[in-house]
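The next part holds the structures, each set out as structure tokens.
In the two assemblies presented below, chain A is common to both, partnered first by chain B and then by chain C.
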Partner chain A sequence: MSTTEVSPARAAAAPGTGPAPARRPRTFEQANRRLKWTMLAPALLFVGLMIVFPLVYTVNLSLTDAFGAVNAGKAHVGLQNFADALGDTRRFWPAARRTLVFTVGAVVLETVLGLALAMLMRKPFRGMRWVRTVLIIPLLTTPVAIGILWLLILDPTNGIANHLLAGVGLPRQEFLGSVSQSLPTLMLIDVWQWTPMMTLLLLAGLTTLPEEPEEAARVDGANGWQRFRHVVLPMLGPTLATALVLRAVDALKTFDILYATKGAGGGSDFEVETLNVYAYGLTFDYQEYGLAAAVLVLFTLFIIGVVVLLRRRGGRKTA
Partner chain B sequence: MSTSSQLLNRRSFGRLAAGVAGAAGLGALSACTTGGGRPSADTPLRIMAINHVWSQAIRRRTKEFEERIGRRVSMTLLTADQLASSYNVKLNASGTDVDVMMVRALQEQLLFAHNGWLADLSDRVTQDEDFAWQDFQKAPRDASVTAGQVLSVPVVTERPALYYRKDLVQDLGGPPGTLEELMAAAQELTDKKKGFYGFVGRGQRSGAVSQWSSFLYSHGGDFVVRGRSGIGTPEALAAYAYYGGLLARTGPPGATNMSLEQAMPIFAQGKAAFYIDADAIYSSFLDPKVSTVRESVGFAPFPAGPAGARPHNIPSWSLGISKFSLLRDDAWEFVKWAAGTEMTAELQKGGIPGARSSVWSDPKSLASFPPDLAEAMRLNAERGLGYDRPRVLQVGRARDIVGRPLVAGILGNDVRPVARDADAEFADFLVRDNRHKES
Partner chain C sequence: MTATVTPVPVPVARHLRRRAVRSWLRGIAIAVVTLVFALPLVWMFAAAFKTNVQVTDPSVGLWFSPTLENFRSIVEAGQIVRSMGNSLLVGVVSTVLSAVIAVPAAWAVGRFDMHRTGSLILVARIVPAISLLVPWYYLFAQMGLVGSYTVLILSQMFVSVPLIMWIMISFFAGLPVELEEAARTDGLSAFGAFWRIALPLAAPGTATASLLAFVFSWNNFMFALIFADDRTQTVPVTLFNFISYASTDWGGLMAAATLITVPVVLAAVLGQKYLVAGLTSGATKG
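And now, the complex of A and B:
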């Protein structure tokens, strides 16, 4: 029931109100309209201050030659920073390629492994609670601690990983010390950390699926793979699409573990420098705030593009 | 629930609006007062410093200083990267919550001066006779001056030392005196199959540049020669090839990912024969908790190259005062106390090398150092150049460019094409950097 319907009735019920009924509905309507905005104001203020303002500020900064200090004098240079970034084949484009390779590689592995683990854990078994607890440990650990932990384990000279490899007669590896092995190694660390999240999300999706379609398929003689491929997977589509989008956006923005293991610039040959690491370096190592802001704007557009693409694909599959 | 109860009349809406505006106004007002008002007696003197033995030693002594000035001291210790990022964030916002800043004069001072973030200390250092500004060693003192203004005061100095295993070099006739001898000895002692390496050193693109500078100078090169890029000269190419070759042939795997934190434990764990790095870290090798070589470690001066032994002798850490500080007088009192002759002598006796000539010339101040290290430090200080990286505004970008051929060398590639490319990039960079300086 709308408040405009209530107000005149309430006004009429009040004794001795005289000419008021003619004015009150308008006053109440106005007040009510304001009330909505008053109640919304804190949330709008928060969104304005925390999301819109930084975005507008970053876009504005990207159009300047800000260098050294953001509060120092700066000139508007139009789209020059965007042209510089997009024309930079030494750092920007390799960083964009690495961002994509890291995200696709890690997320695909996490999805496949996460789905496999979720299918295994779908039916209750002894010790399930323990398994679930162990699974979420990597999720609860801070990324910097994970980075340092793996750095110690994979140290080419003193790390335990090479001792184990040597113990079984396999050649020692450089892991994070190698220009060529660093990115794959970090993708595997990301898989180790985030596969449990995919497992838990997909497990939650699996538990909500009705059992009848699968039972019907079993009665019709479908084997395990056929039931999974043609019954379970299509029904799990919406959950899978949501999990993929969430994880892909997070993987695109990965920074902490890359910085903790390889430092500024993403290694000696920029081997793990993603767009995020590059923008950080431009800001904090080079103090080129205008260019850094342009890279961040391009990076944001890149992320939005990936999300739109994934949602469209996900939507088409689940339709 | 009756919707009528949610309605506001004009008066109560007015009250609500006035309340919100008032609260916002008060908030803004209080923020302004905190930011620009006169600090109270309870406001602590805020010091931001690197997590270093010097800062830890000072922190243990701050009570004495607090009693002297009647103000609490709050000291935050961070890693070098965290410290630089904190300055960027706080000083970009003209924050008044930093009073004394520990800075790397050669890494940040030019940029901070360009940004107007450091207070001019010229009058303070010269007018206070007790402070004896001329007592500071010339190279670190020169590095504290930018555009004729003293912007920092050096507190920790650093030179490269050659750390070596005495037990292994006995048969070779002692530690190498030249870079040629170092290469030969390192190659002879390397046994990669057994996990033993002749030499270990920094190999990260940017992190290695400061240590490589001594190799560059000792080959007769420099980062900038007559205002132009010097990293494409034959001397620089020879230095790139030497350092890259030394680590490629005799170094541990994964050298390109090694900074001090990764290289130092390899020597400390007895897995390398030679290690060249800052002399300030010598105590790590004498600490039984982290070192297995405390009985066998020896210290020698930087070996001579084709142009002689020309190591760096730099102020690794200095103290500056934020231009936005509201407690600049107290901050100066802190600098005077922490960088004074008395404190420098006390800390140097404890093994932390300072920048005061009078302290260095007092044999008592060197008594805590192993004799061979004290001699190596003395010789390196005598021969040293006052910088270990390009003296530009954007040191980070410069180091990234200069370090590229180093990485190529360590990976066993030909350094010449990479050095040519880096030389052209560095030349462009110097033009842009000069333009920034003039802006």
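And now, the complex of A and C:
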């Protein structure tokens, strides 16, 4: 890239440096440029087409009264769908609230527990390999299977969870069978499935940290907590911020486990209906394509907002 | 190794005893944590080998005489075997095709410093998949493709291409650029440097990324729920349909869930190192 033969070519290729040099039509630079676009083009075109067309289509759909068949006639209704969605206090706003509650609750718990586990497993120990194997299994398992497994464990009458609760003298719980307990229960299932992800991300971050600052703090007499709070945690900031963004985006979009355990509409009383589940129902159960598209546009903006917020906060903390 | 710099003159015996206690406590804590994550799955595997009476009796626990009856009945019903074949087909084809276009792209992004272009990948991760499903459905319906393997593979590739690029960009970034530069000075073209130097070195990364892409394809529920028909149905959809019409057949349900999970557990046991590397790549570089 920076070999001496390239420099004159690069100088010649720059605009405004003398007459156009015609002696070597294909310089390294040009060859490189052509190559890099050739290598990128298939992936870029594929992802671009798969995403740009749908996004334009969705935004367009959100401005129409499309209903029923996807290709049925539709009229432009301006921002009516957005007004309908934002004025809907029965389905839209509760769904937005649940999305936020689920995400914040699950991600905060996962971060705190994940950080604690990462600190616990930080120094190598015998059997580390097997513990890490156990940790990755939940997050690689089909969410539908996870849902089924917890339906069995948490079954109100025959589940082992209530059996154990009764064993220690606690009252039986309805768990997923109850309107009020369903969302917290699913949050805890999410915590079970995804805390290992946080732990692994933070462990990876911890191994990249230099040892000297901590050693210096130890020499200065800082205890374990002080070293963690004032030395390790600030250095871990960037990893923590990235992990938080990745996990938050996935948690906001949680669908499989909610749908598998509670079915369409998030249960009889919409008790676990998040924006994603709501948009899915509007689209595929009610064929309300216009309104669904508006909800999806709002939902996407919501996710982007969260990402921007987290990135900015993470960036400021570590800058 | 740190004892030599400890400034406080703690009596050595007490110091060592405290350290021993602490390391014991740590061992116990790690064991408890491991059990918390392992036991629910163990419970599911155990239930797959129980009779329906035993499954619904929590006092049976983990000691019972196992039966293969649940597996026999769901395999005989046929759908689960067909679905596993479909999932395998979609997973393998979508992963191979994705790797073929994503690995060179990742190399280009990494080597030519095109991270702005590369950030398109993040967009693909942020957009909710449902917002893509209606337009895709419309488009694919026009082409008469809904229900075909082609649609399942194409839609899965939309997940796999960004995933593989994400992992491979940071993998290529970790490879010393000097090797490729040396190859260039020795007369290899830029493409030659990629093909003969970078690609072979990136084999472990490619394997990691492909394994993860396959697992996520194996697990994908929503795309198959919309795009698959009875013939092309994948395992998560079969499992989901099982919940609604066989909710009393816990044993069969657990056997089906076990069949879906076993390949993932195998992958985790055999490829733990690679999977962890893949899952955490990109996170430590911000």
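Keep in mind that, in the parts below, the second predicted complex is superposed on the first by the 274 of 319 C-alpha atoms of A that agree within 3 Å, B and C clash if a C-alpha of one lies under 4 Å from a C-alpha of the other, contacts with A are read in each partner's own complex, and residues count from 1 in each chain.
Methods note: a contact is a pair of C-beta atoms (placed from the backbone, for glycine too) under 8 Å apart; a residue touches a chain by one contact, two chains touch by 3 or more.
The model shown is predicted, which means the values in this text are computed figures rather than measured ones.
Q: Per the contact definition in the header, classify A:L35: touching chain B only (first), chain C only (second), both, or neither.
A: In the superposed model, A:L35 contacts both chain B and chain C.
Q: Quick check for you: in the superposed arrangement, does A:F175 touch first (chain B), second (chain C), both or neither?
A: first
Q: If you stack the two complexes on chain A, which partner ends up touching A:F67: first (chain B), second (chain C), both, or neither?
A: A:F67 contacts chain B only, not chain C.
Q: With the two structures laid over each other on chain A, which partner does A:D269 touch: chain B (first), chain C (second), both, or neither?
A: first
Q: First (chain B), second (chain C), both or neither: which does A:P184 touch?
A: Neither chain B nor chain C is touched by A:P184.
Q: Does the superposition put A:N158 against chain B (first), chain C (second), both, or neither?
A: In the superposed model, A:N158 contacts both chain B and chain C.
Q: On the A-aligned overlay, A:M121 touches which partner chain: chain B = first, chain C = second, or both, or neither?
A: In the superposition, A:M121 contacts chain C only.
Q: State whether A:F284 touches chain B only (first), chain C only (second), both chains, or neither.
A: both
Q: With both structures fitted on chain A, tell me whether chain B or chain C touches more of chain A's residues.
A: The larger set of chain A residues in touch belongs to C.
Q: Mind sorting out which residues of chain A both chain B and chain C touch, each in its own complex?
A: 1, 3, 28, 31-32, 35, 70-71, 155, 158, 263, 283-284
Q: For chain A, which residues are in contact with chain C within the complex?
A: On the chain A side, the touching residues are 1, 3, 28, 31-32, 35-37, 39-40, 42-44, 46-48, 50-51, 53-55, 57-58, 61, 70-71, 117, 120-121, 125, 129-145, 147-153, 155, 158-160, 162-163, 192, 196-197, 200-201, 203-205, 208, 215, 218-219, 221, 238-239, 241-243, 246, 249, 253, 255-256, 259-260, 263, 276, 279-280, 283-284, 289, 292-293, 296-297, 299-300, 303-304, 307.
Q: Please name which positions on chain C make contact with chain A in the complex.
A: Contacts found on chain C: 2, 5, 7-8, 26-27, 29-30, 33-34, 36-38, 40-41, 43-44, 47, 55-59, 101-102, 104-105, 107-109, 111-112, 114, 117, 120-121, 123-139, 141-142, 154, 157-158, 161-162, 165, 177, 181, 184-185, 189-191, 194, 215, 218-219, 221-222, 226, 235-236, 239-240, 243-244, 250, 253-254, 257, 260-261, 264-265, 267-269, 272, 275-276, 279-280, 282-284, 286.
Q: Spell out the residues on chain B that touch chain A in their complex, using ranges where they run on.
A: My answer: residues 2-4, 6-10, 13, 16-17, 20, 81, 84-85, 88, 91-94, 111, 114-117, 195, 203-207, 252-259, 262, 265-266, 269, 271, 393-394, 396-397, 400, 403, 407, 410-411, 436, 439.
Q: Any idea which chain A residues touch chain B in the complex?
A: Answer in residue numbers: 1-3, 6-7, 10, 27-28, 30-32, 34-35, 38, 41, 67-72, 155-158, 172, 174-179, 182, 262-265, 267-269, 281, 283-288.
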